[in-house]
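The letters A, B, C and D name the chains in turn, as written, and every chain counts its residues from 1.
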Amino acid sequence: MSKKVTKIGVLTSGGDAPGMNAAIRAVVRTGIYNGLEVYGIMRGYNGMIEDDIFHMDNKSVANIIQRGGTILKTARSKEFMEAAGRQKAYENLRKRGIDGLVVIGGDGSFRGAQRFSNEFDIPCIGLPGTIDKDIAGTDYTIGFDTAVNTAVEAIDKIRDTADAHDRLFVVEVMGRDAGYIALHSGLATGAESVLIPETRTDVEDLISGLTEKEKRKKLVNLVVVAEGDEMGGGSEIGKILKNRLPNMDIRISILGHIQRGGAPSCQDRIIASRMGYHAVESLLSGRHNVMVGIVDDKMHYIPLDTAVKEKQAFTSDWLKIIKILAS
Amino acid sequence: MSKKVTKIGVLTSGGDAPGMNAAIRAVVRTGIYNGLEVYGIMRGYNGMIEDDIFHMDNKSVANIIQRGGTILKTARSKEFMEAAGRQKAYENLRKRGIDGLVVIGGDGSFRGAQRFSNEFDIPCIGLPGTIDKDIAGTDYTIGFDTAVNTAVEAIDKIRDTADAHDRLFVVEVMGRDAGYIALHSGLATGAESVLIPETRTDVEDLISGLTEKEKRKKLVNLVVVAEGDEMGGGSEIGKILKNRLPNMDIRISILGHIQRGGAPSCQDRIIASRMGYHAVESLLSGRHNVMVGIVDDKMHYIPLDTAVKEKQAFTSDWLKIIKILAS
Amino acid sequence: MSKKVTKIGVLTSGGDAPGMNAAIRAVVRTGIYNGLEVYGIMRGYNGMIEDDIFHMDNKSVANIIQRGGTILKTARSKEFMEAAGRQKAYENLRKRGIDGLVVIGGDGSFRGAQRFSNEFDIPCIGLPGTIDKDIAGTDYTIGFDTAVNTAVEAIDKIRDTADAHDRLFVVEVMGRDAGYIALHSGLATGAESVLIPETRTDVEDLISGLTEKEKRKKLVNLVVVAEGDEMGGGSEIGKILKNRLPNMDIRISILGHIQRGGAPSCQDRIIASRMGYHAVESLLSGRHNVMVGIVDDKMHYIPLDTAVKEKQAFTSDWLKIIKILAS
Amino acid sequence: MSKKVTKIGVLTSGGDAPGMNAAIRAVVRTGIYNGLEVYGIMRGYNGMIEDDIFHMDNKSVANIIQRGGTILKTARSKEFMEAAGRQKAYENLRKRGIDGLVVIGGDGSFRGAQRFSNEFDIPCIGLPGTIDKDIAGTDYTIGFDTAVNTAVEAIDKIRDTADAHDRLFVVEVMGRDAGYIALHSGLATGAESVLIPETRTDVEDLISGLTEKEKRKKLVNLVVVAEGDEMGGGSEIGKILKNRLPNMDIRISILGHIQRGGAPSCQDRIIASRMGYHAVESLLSGRHNVMVGIVDDKMHYIPLDTAVKEKQAFTSDWLKIIKILAS
């Protein structure tokens, strides 16, 4: 039987995502409400190793639910991948009596947590925080909804100028391994084509589609590319199209890091709050070393070590719908 | 066996909702792609009765996916509730050969569609378009996600001034019969309390909670009220609180119609596009007189006459989470 | 000759306005850069009286330039209007050696500062911070540009639903004594009429204009009313119009406190930064007891006691332009 | 004495800018109000040459004041630079009796208009429409305020992730010849340094400043670069900094074309409306071949051929203020 948790640490790790602050707030306040002491750990696992840990109360998380970024900062930690680093980290927890951990981050962060928990018997709970939405065991990840809305608003602006000049824009959105941001933002902005890592890009098909639309004098032409598409990102695709379609006025836009920031959307704040609440409930109820997800709008728990990156099998009809609706 | 549909009409009916234009676009382009002729009907059922109907092509819906409102305008129609009105409407469809209808609106509009279909054997498909999200048979309704995000952004601004002056704000959001907007926007903005029609408002509990927070000098105090709360809307609740808490600086804000407008969110554009696409697919495949919904991220069809207003059984832990996280 | 200033206090007073944080940041960092010690005073003059004063360094104002509200909070202070209150305030400054003051607020706050300076020989500098823009001696006040943009974005959303339903909306914006917000937001959103305190509202003219537009089936009809119009705010005007135009579908929207919050616009951050910088420069150079304004894009200084509320003589052609452009 | 104008054409030319639609609306409606016939000309001077000209009424410009882009589309026209092209353009105007022209664009477009007017005695009025703000004879150009606010909102998002990861971001904003967007957005977002074409970039000074801030562990580090800086744009500056500061985590973001689109700000709508109104007034009153500007908030007219690109002598204290406030 697992011993009772009394003091917990919370940290954000890996790439930042809007809504992480809402998750931190939920963990801290639910912890305190349940009589736990809560500690903030700075810069992911680095703060554990470097002993950058501080006591948090209800006020520590006041007025942050609406803020982008993370008040605990975040980082990837090389040292934590080595046994010596994890040992140091453990000692810094032990000297404060911290006996539970909530890790907000991606699959890499979860693997680290699992290993740490195996070695030192500190139960860990993972919350999926990544704008890329490519984690198994949950329908939502914290930050995705904000990131796609940021992408959509940016592409809406690009539409205005594309339309005014009758230009074709190739827009690159984030997504090194996953095409979710591209797929959602492309469908939502009426792109002709969406190029993603999950499917093979058929350049001839793309070109013949654009040529046909050119002939019909369609108003706005957008191609949305995930940065990790197997043919290359926006710059590569743009180069190919310019080469093959020399009579078109083609421009390239790389949306970049704006997709990581900004006030979180309503949905990201809500799932972060719910997940944070249930992370503490899990620690208290002895459901340890799990990732807290939401599936079909119900809380869902999977062992931390199975929370790997996943290419969700999005219904293949999305690409078909995109094509038909852009006609 | 149902006869083949060849010409369809599309209309928006009842209260408007952001994303209706994305749905219209999807219906029009999917229809044309499948060889149908598509007609736009103005101002809901009124346009059918008054013969305000026009032919649409792919360009008719260019550059509207990102627009709030509805290019077909919307209205409630008294005349359509009477047999004579529906008869006139039918004749206007018949003279053009329109033999299928897509109705984007709420439960009242669906009942009208069902009755019309029963009388004249014109198959109808309903798409749930309402910011209130209170329709059975679907997890999403077109417009809800945009409306809650608008409410959240407005309340974020109110937080700024509430914090600067140490004031308590009572904010009224839309929702005559349903508390979804209040519940989501309240959880997302860290409100102390959310008052909704679905639960009995306990004023004494509300007042003791606010008094306790006053003592702890909590920074921001927000109460979010659905307009249809059984104790009254923002003005009534505000009056009660001012009366009972004379030492607090209490202000009231009624968010009002801003919640109905604005560019639709990514999610509303996506569900509207998917629903519009599948509305035409349903007409073509002979699945008639259904509402197209999405349940657990899969398309879901229910008979039009069962698509009534529904108090979705939201997990009661939401109100508990709101209370704990606002501590 | 004035003695040299070495330690300064900064406070925000009266109604809050977006951009106040940018002004605080500029005062603090310009002060420190010039070798001064800088103290933050909480809740306007109340903090001086209640000794709620704290030392500030460069980090105290990190990451606030983009925040609405004011980290120093704000209030109106009754006690400071009495000699005993000002005496207490002075003693709290003196015990820290604070020998200069920067007050960010409106004309009422400036009169208090002038009186205080007369009594205790502490030089004061005023920065005009009010969303109402009604202060003599400056073309800009901190917060106005953000407030009108918030009003414009809200009215844009209302336009969407007004257009969808062919409704007339009466929208009330802030402005108890001044019509600037109404005039700017009304011109920018294509309102038919703008009702402001500075001009007599001609109801017959308003009604005949709306009637004529009704006949022409103009798409969107908006009337923007300043809350301080001499005929009453949005509710009163709405009532009159509903009474006189019973066939129109008329709705009322009171924008309210959302106009006070939100991230400041680029312009508000810039004028706040420039004014804050020059406030400290003024204290250092012995130009005391002035309000720092900007006139024709140049810094402009007027004695604090002349910085009264002013109905700026806005060119009367604005109302004419609004009328012609809404045709 | 100039003959009376009776039919006018309006066009947008050169790079597009938010607010152009508000200007078109003002020209059309003021023209019609004064009894003129108004024609829209598509794609700048190209539409004149290709006879793509259409009659406009009040409804042609309904519901566009809030839209980015330009409903008349825009382009640069090579053919119009040659006598044969202008001759064709003239004939297309003459056959409709168009005897006056309003050109919304930049200095290049104005030179074309002047030449055309010299050759064919068609009076032309220029309205300064460019996000770059680098035109002599006016304090405002249509589009600048929207573009800087877009840049500021994007950089605010980048700040969130920069802060979360302790990264230095080099952000490139638009401005091929002018640093206004960089200067305004840099001051408004608290950048350490702003690199602009108007001043020589001192790399050593930049590096020593960043090194010093690194030591003080300043939270957010931003360098804003105008694309036309004489040392190169964001990519070049980023490369140099990465090379010289190998221990810093440095990222580059090119904001790109999002700066050209989006709903215009309140200010851009207002100046566009005022300028459009006065363009028609100028044509009617015989004040021909001028650019309509606003200087010190008053309408200001300069001969079209003097409306050249201008490096406005912005007060050199801005760069100093930026440096001090970023400490």
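Assume contacts are C-beta pairs under 8 Å (C-beta built on N, C-alpha and C of every residue); 3 or more make two chains touch, one makes a residue touch a chain.
Not measured: the values here are computed from a predicted model.
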Per Cα centroids, the chain farthest from chain A: C
Interchain centroid distance [CA atoms averaged], chain B/chain C, Å: 36
Inter-chain centre distance, chain B versus chain D - centres from mean C-alpha coordinates, in Å: 39
Length of the line joining the C-alpha centres of chain C and chain D, rounded to whole Å: 28
Where chain C touches two or more other chains, by residue: 156, 159, 163
Contact graph of the chains (line, ring, star, complete, other): ring
Chains touching one another, given as label pairs in label order: A-B, A-D, B-C, C-D
Of chain C, residues touching chain B in the complex: 12, 16, 18, 20, 43, 67-70, 73-75, 150, 154, 156-161, 163-166, 169, 251, 253-262
Contact set on chain D toward chain C in their complex: 22, 25-26, 29-30, 32-33, 58-59, 62-63, 65-66, 139, 145, 148-149, 151-153, 156, 159, 163, 184-185, 187-190, 218-220, 263, 265-267, 269-270, 273-274, 277, 296-297, 321, 324-327
